[in-house]
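First chain written, first letter: the chains are A, B, C and D, and each begins at residue 1.
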Amino acid sequence: MANFKGHVLPGSFFILFGLWWSVKYSLKHISRTPKKNSHVQTNFKHVEIIEGAVKVVFTLVGILGEQFVPDGPHLYLYRGQPRSWVKLMNWQHSTMYLFFLISGAVDIITYSTTLMPVGMDRFMLGMALYVEGLLFQYHVSLRPMLDQHIHTMLLMAIYPSVATCIIQVFVHENMILDFFSACLALLQGTWFWQIGFVLYPPWGGPEWDLNDHSNLMFITMCFCWHFALAILITAVNYTLNKRTCEGIQETLLPLVVVQR
Amino acid sequence: MANFKGHVLPGSFFILFGLWWSVKYSLKHISRTPKKNSHVQTNFKHVEIIEGAVKVVFTLVGILGEQFVPDGPHLYLYRGQPRSWVKLMNWQHSTMYLFFLISGAVDIITYSTTLMPVGMDRFMLGMALYVEGLLFQYHVSLRPMLDQHIHTMLLMAIYPSVATCIIQVFVHENMILDFFSACLALLQGTWFWQIGFVLYPPWGGPEWDLNDHSNLMFITMCFCWHFALAILITAVNYTLNKRTCEGIQETLLPLVVVQR
Amino acid sequence: MANFKGHVLPGSFFILFGLWWSVKYSLKHISRTPKKNSHVQTNFKHVEIIEGAVKVVFTLVGILGEQFVPDGPHLYLYRGQPRSWVKLMNWQHSTMYLFFLISGAVDIITYSTTLMPVGMDRFMLGMALYVEGLLFQYHVSLRPMLDQHIHTMLLMAIYPSVATCIIQVFVHENMILDFFSACLALLQGTWFWQIGFVLYPPWGGPEWDLNDHSNLMFITMCFCWHFALAILITAVNYTLNKRTCEGIQETLLPLVVVQR
Amino acid sequence: MANFKGHVLPGSFFILFGLWWSVKYSLKHISRTPKKNSHVQTNFKHVEIIEGAVKVVFTLVGILGEQFVPDGPHLYLYRGQPRSWVKLMNWQHSTMYLFFLISGAVDIITYSTTLMPVGMDRFMLGMALYVEGLLFQYHVSLRPMLDQHIHTMLLMAIYPSVATCIIQVFVHENMILDFFSACLALLQGTWFWQIGFVLYPPWGGPEWDLNDHSNLMFITMCFCWHFALAILITAVNYTLNKRTCEGIQETLLPLVVVQR
């Protein structure tokens, strides 16, 4: 997948999840302000289970795709004499998908049964992100300077996500952590797009000099701009949701009170 | 801004904020000792909002200055054939200002509305400092040893500030953390001055040998002295405020009691 | 012990302890769900003391074995003229065993007396694992790339274990941390086996090229698979125990109630 | 002070403090078990103040000694044409002493006034240790391998001390942390002695080959032995104190009860 599409695709997934999380957490925190509503709580459980199921389906498709595309490994790991690894890239991507699949499965189990405590879902998501980071880290040694640097920046979105998830195991329902994780997902997503545009310019265009130090300085700065953008999107999303919900609540609150 | 003035200016800002914070936190913690006074709490809210507004104004001026000084980039990012980046330094400084601007805006929103929980202001300040650190880190690779080292020391003031801010998201109203953050701002400020004096001696004077190991050892030690000075200033400031406030309280306490 | 057996033996111990912990913690957390049963609590104390005693015996045997095998150092540390170290490897392994011995002794003291607070056992286990990691870290510098990398992966199982133990000093009875530590023990165990198979193929077979970058990429990925396996084993173990216990409880609960 | 005595002297101080802390914390935690005794609490306050005063005196003597020994810098920082630093080593040691002096002063202020919250003393001790670590870190670059490694091991005693102190700012009265900090002081002390014996063998004896890898492996292991020794001393100290106190309490408890 060392091409433009191969970076845009995962990028789009992370952007989708980032957007979805910024909506979900907005609604969650807005719904908590008035008296604790166990009805709403149940609804969020359903939402989490559906999210887990979506993750499982997407990653399953991803694994099958990576394995059985025409030039994929078709489940062969090594081949030939002397033995050589078959399509290690596809295997690495399959491994990443596998951990997000486990994370999805744990989401479902955590919220549909009492087997696991709340927090296990965040922990497993942290582990999936950690595996992603670990594989990327040893993915790019031996490459040109800018290529390494642009992937290091990716790790700077991934590892804070891991840290956030692990803190969330112990600190539940913290609005700041929730929005930060949504924000980092957006950042990771848009940064995947950026990597695609820098390393594999889609419309021809001038090639980037991968060993120019001023390019490295620009990329570092560009990463900060993406972060600012991710913050902006999350903030706007939250404000819009807040406005909409307050409108709805003003209309519905009397009904809810009556219902009780 | 690779000159004496370019280091003295940001240094002075950090010193100003450090001094201001050491006063603010002194008053905050002194005012908390007698019964919780909601009137005082409101006043601190106003103070935080004003602080945020000052940050927004200063950084806005900073961004415009960096962009539109005679030899600035005037919002051009690249230029020429083959394309080359225009004044990356100014763009980097603009980016740093941008995040402190966001931090100022979040301060205002946190304390003037109920949209965000307390702690969001500290979190965003932490992010702004982190971005500053990140940009400095890749700023100075490829420079002479002492130049790199003296900027590494700067990071040793910045990253602990980031850590302090992130802990403050979870631990509110901790006097030790508050004073430490004031202290680190002072340290960062005076260290900027030190960098200016070492790399761009303002009154001529003997040049520093940037590759001499004993200079490196001196600079490390010098950083510790700046830290000791920052601790001293914070401590003196706190003691003076304490004295003054106790004087005032002795005079005003009867009045306050009567008023109730 | 730089041979296949020398890696399989410690690996088996860690697998055994990993399996045992996943059973122990399953039972512990299942037994806690119904009303707090002080009778069960006492039993767990006995279990911890026995576990400590087993550790002490195993590690004592280990130390004696390392020292007094025919080609061991027989307690000589240096020898000859000029002086040279005698069998440093065996001494290093003895040192590792020593700390796990101390950890076992602390387990016994923590749970059989009131001298030490609960948490001291976890702390000492963390220290033992840290010493293991520290010794491994300086064990392998100067070796070929893949050899270093495969041992770095080992550290990636050891250091998170250390971190988990230290968190457990402050956060007791957290199901997620308990299972994670069991999981990491399993991971460390199976990874020891993997190291044995890669560096000292037991049945001849093709040698691994220790400087091939694609081997390094495979090993990183393989480590993730071991982690997935460890998660699976822990999860299955827990589910089986849950099922069994619920069966027993349904049968025994009336009896327990009567007994009171 | 690059000689045997220069390492044995600070080593002895750390050993003394380590022993004293292991006694102090033993008594503190033993005295807390029976009903909270405010009389005992006051006594501990006095003890802390005395400890702070001792620190201040010792470090003041240290600073004056480093400056005014016959071959000291006598407060001159640079000299000559071209300018060169005067006795940077002595200045560095003075700086280390300075921070422990500040730490001692903060101890006194924390426990004798209500200016600062409890925890400030631990925080300042952490800063003093951090400064010590920072100065040692840049002390030894450019030296032979074993020299660097043996000082790196020193940092492995110092930085965990810093971490422990910072955790103690938030977690008071934790027996495990208290004993760990005593233990690390002992470790640092005995390790200073070890450095003296390795780099400056006092009774002649065979020189160490500073570039032999097996020496590096031995030193790493030796550090672990020092750690085990420090744990043993702390444990024995605690047990002895416990025994003694229980004997005294059995004799005195009736009297105390009567007194009330």
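In the analysis below, a contact is a pair of C-beta atoms (placed from the backbone, for glycine too) under 8 Å apart; a residue touches a chain by one contact, two chains touch by 3 or more.
Keep in mind it's a predicted model, so treat the numbers as computed, not measured.
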| item | value |
| --- | --- |
| Mutual neighbours - chains that touch chain C and chain D alike | none |
| Longest centre-to-centre distance from chain C, chain (CA-based) | B |
| Whole-Å separation of chain centres (CA-atom averages), chain B against chain D | 32 |
| Centre distance in Å when chain A and chain D are each reduced to the mean of their C-alpha atoms | 46 |
| Contact graph of the chains (line, ring, star, complete, other) | ring |
| Contact footprint of chain B on chain D as seen in their complex | 82-85, 88, 91-92, 95, 98-99, 102, 115-117, 119-120, 123, 127, 131, 134-135, 138-139, 141-142, 169-170 |
| Partner chain C, residues of chain D touching it in the complex | 149, 156, 171, 175-176, 180, 206, 213-218, 220-221, 223-225, 227-228, 231, 238-239, 242 |
